[in-house]
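Shared between the two complexes below is chain A, which pairs with chain B and chain C, respectively.
== the complex of A and B ==
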């Protein structure tokens, strides 16, 4: 079959392509997303209306940003539980700088991102210098940042009445598309380039596969990991500013639960929680699936009153089904093909032969 | 498979000459990603006709937003609202945040706008923040009214006020003064520091205090996030921090049983008086035991009923700005002051009359 002397015919090539496609988690999620879109446009009310699509985009930008920067972190085999709390802290900092210190909104926003970066650097320092496990470090900063945000506001103060020019960031359109969507596009391109087109991205995966091996291969493991966590903090600050602009209020509880939603999206999209494999494309698909699911349920009039409760339940179910489905198709795809076991060298060259 | 991805010539040492893919040699299906993104962007950019959420022809869809879904206050309002919706043949949607989160209120309103509802009646947790989506709703032709807690003036046509803030504040202060013999220290437990209605009432309470009760002192005002557990904790803290505290005034309904429980557990029932704006059903046991002396409220079912009737009337054009009265079905003719529709006077529930009310 797959033999150096017998190049595969077109039918075998297609079968090979299909097998490789189906063995990827991203394909499973892609199919799920298409299914969701078709389902909700059929049974939901006004699902494909431009207003509603804009809502889907608007409500998912903050989690999308967090999921994007969570991807390099999970690729390295780490995790960051503190990004949601970081959002809360940056939102409060933004509110205080604008409301009490009377900074201009854009200046307060830059300061919020800077504070996010500093928070990310704290995570990075503790993980790389002291060698503490990321789960424990970020669990600690999860409480620390949220607690700090609540202490600064006495648990109840919030800042509101922002100028319209600032609120337009979260609520208006640029070229017919919600403004914050462009921010998401820019950050997506940046993170995609980082993960899939630079040596740093390759390093993330290598570190996830085998940290010691990566170190022996000459990869600056500490620097790469530190960069990933610091970037996450900075983008969490950005997400906080967008969140405040969208809801018109800066409060300590901003971003509660967002870290788990981000991790769900990343893992749904095919990134292994142990690190080493994953893609930004998969993460974006994961974010889209969850956002479409929760919005689509609210379009079904008969259950719209309990749609948010249902969407929480179904998101969990979706994650489990998608992971199980992905593992199943992968196992099926990697079964030995007829008489000969899968030959990695020859099947690769068979794939590349096409023009 | 044809290579359509450009190979990036290294301008700097960190860029790869050729993309590396892990595992199998299949490349990520970025073409599909661009297709989805482009489709979503295209959909959000173009203008298409939207259907409305009305079930049958001419059936109104009215959406009711509470401060939080689990709050008995709002569940009772919903009951009255459903009565009115059934009376006028409208469909009622009821949804709110399960926790006390104003951001979720905004999201729910935005979902309703795109669902195509005819009217939205909202109780706002954050006056400034909620005005954003409410203004958007008005711009799309959705009727917006507020009840219980107001939003900014330009964000709604009418505010259904349960009683005038002045009468609420004065009734609370007068009752507290009566219980304390017009002298001593008392404390207020409020919901959040951003809810418009609570802040307005506090203003009138403090004005009445300054005007009529010089021998009484307000020692603290604490928020409890509209949560009974937090209210209990705040009350317990107040009792231990101010040993000569004579009265706790809880001006949000989850806080009244919370404060009562704290007083009961501290063994100070009768020594520290408890009163507040609460539901008879939630406070019946405490009132009967003598832990809570007075519970003040208005008929919540009527509030819900009035809210839905008013929303439908504004949508139909029967209630216009500048009206001075409003015919509210079984509630009769009600006064309209400016853009406030008034339900009536507050009712004081004590151990004598609390059994007459079942909500």
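== the complex of A and C ==
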């Protein structure tokens, strides 16, 4: 009996594994990414040329960094709207320290990261110590940080003429890859390890599922949440330095709208906006698919001047589609459970899966 | 009684102090014509604050209103430039707002997505779509839109009186109409509201649609004041309005708040920037101060809600 059932069983198992893989949003994004690359390399001009690939990488590093550190925050069921504004503040601080206080670029960069860390700690303190909703706290700091950046520069001043050694961070290659990509690799490995290989990573998910339950399970909820927001601030400072070295100019509007792009990448990558589930590689796939889409479209349409609006619009629309799609598949996945007993074949396989 | 209106009283006190300081140090602040102009300029945002109060009381948030405002203003401007009459323009603008509000509302109510993410996405989508459409052009407006073709003073007075009447009506309706109480019920506890026979999804949807319609009306009130339509006219509006609500004592956790507090909070915030310029401070600080005020208000809420829970239980029950 068992021997007879073995072949269909294994086939079912393979089918089950496949179905589970396909139902994971990470694999959907992966398929979408491959499809995008095939499509654009077929109809776009020089899409896969090394220069263009490097261009895509260069333009997605800052958003990638923000998306990486946004992942643990969203895993805990929180959100950080202030990272883009934080980039603006850190960029201005970096420019001022270099241009007016005559710090060495590396020292100014360290100071920018320190300011980012402090800003993140402000968010963390307000959220964990006073128990305020992350949404409204980071909405407040979103306005506060950008406002400080504008006030410091008087609304219009910007800092330029950075030394070539600093600009090479954002514009030259190391081992055939843009220099800043290595920063992204290092931070990716760090965040991946944090989320997938430590108890802190488990704690993020547990908090996202049920904060009270996590507390009863002995998880230091406040400390873990505070760490996630502080890390986001620090990395936003790092992203600001990379942004300035790529663009060659430190302005108050650095990173405007980046928080949305980062959240979009995280949600596209399969991290639930309600917290509890998600993965770092999903986030990286999300970043890549958004970057490839906006670059590919601007290549096809060969429009450079309006590509910013277009990619912004697409980011917003993509986020809506990803959210709606996720919610709809969840609703559809819950529905067949009720109708299953009516179907003998399906009910049999469903019964097996439960064992 | 005093306890119940603590928030309103304290805002009124701070507002009175600010106005008193202005009266002493900058008496021309209260000259009638500039005052009327300032009030008129602020009235669209106050109309938006009515909608935002309902949205936040319903335990949601809408940060796409700035983009909605810009989009409605441009739609109204384009139609007005084609020679449409004012009622048609108003209807179209409100309709455009309703469509955008319905998009938010449907996604939030029936797909149960968090409103902050949905409206963040629609905020960017509408704003960038508008930029793509208008390419930063300024639209010239025909003469019949200017001051609702009433002349400046009469037009200004009409707009201000209309706003005040709308605020009073909304304040009354929120307290006394069944629909208003439903919003509070859903914001307090959607499940309990459902068991009491209210459909929380329709209430949420309706609140977002109403927000959109109000933005459409506010957009027309805005273009009536200027010779041109700026596609960026709604930038930062959401923060200003949310700040007014939070300062005015609307709880972001839903179910609590009133328009009187929002009205006072709005006046307080609206006077900060003119006061800054009157005292010769830089205007660049506006955004930073707004953020700081939001943070201070939520911190005050957080601290207050912690204290009375220990001390005030006997009072409450």
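Methods note: the second predicted complex is superposed on the first by the 291 of 355 C-alpha atoms of A that agree within 3 Å, B and C clash if a C-alpha of one lies under 4 Å from a C-alpha of the other, contacts with A are read in each partner's own complex, and residues count from 1 in each chain.
Convention: a contact is a pair of C-beta atoms (placed from the backbone, for glycine too) under 8 Å apart; a residue touches a chain by one contact, two chains touch by 3 or more.
On a predicted model such as this, the values are computed, not experimentally measured, just so you know.
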Contacts of A:110 with chain B and chain C, given as first, second, both or neither: neither
Contacts of A:118 with chain B and chain C, given as first, second, both or neither: neither
Contacts of A:199 with chain B and chain C, given as first, second, both or neither: first
Touching partner for A:254 - first (chain B), second (chain C), both, neither: first
Dominant toucher of chain A (residue count), chain B or chain C: B
First (chain B), second (chain C), both or neither touched by A:48: first
First, second, both or neither for A:178, with chain B first and chain C second: first
Partner chain(s) touched by A:31 [first = chain B, second = chain C, both, neither]: neither
First, second, both or neither for A:210, with chain B first and chain C second: neither
Contacts of A:243 with chain B and chain C, given as first, second, both or neither: first
Set intersection of chain A contacts, chain C complex versus chain B complex: 155, 309
Contact set on chain B toward chain A in their complex: 1-2, 8, 13-16, 19-20, 22-26, 28-30, 32-33, 36-37, 40-41, 43-48, 50-51, 53, 55, 93-95, 98, 101-104, 106-107, 110-111, 113-116, 126-132, 136, 192-194, 223, 225
Complex contact set, residues of chain C against chain A: 61, 63, 107, 111-114, 116-118, 120-125, 127-129, 131-132, 135, 239, 242-243, 246, 252-253, 282, 284-292, 294-295, 298-299, 301-303, 306
Of chain A, residues touching chain C in the complex: 79, 81, 126, 130-133, 135-137, 139-148, 150-151, 154-155, 257, 260, 263-264, 267, 273-274, 306, 309-310, 312-313, 315-317, 319-320, 323-324, 327-328, 331
Chain A residues touching chain B - in the complex, by the definition given at the top: 17, 20-21, 23-24, 26-27, 30, 33, 45-46, 48-59, 155-158, 160-161, 167, 171, 175-178, 181, 185, 196-200, 202, 205, 243, 246-249, 251, 253-254, 256, 276-277, 279, 281-282, 284-285, 288, 295, 298-299, 301, 304-305, 307-309, 348, 351-352, 354-355
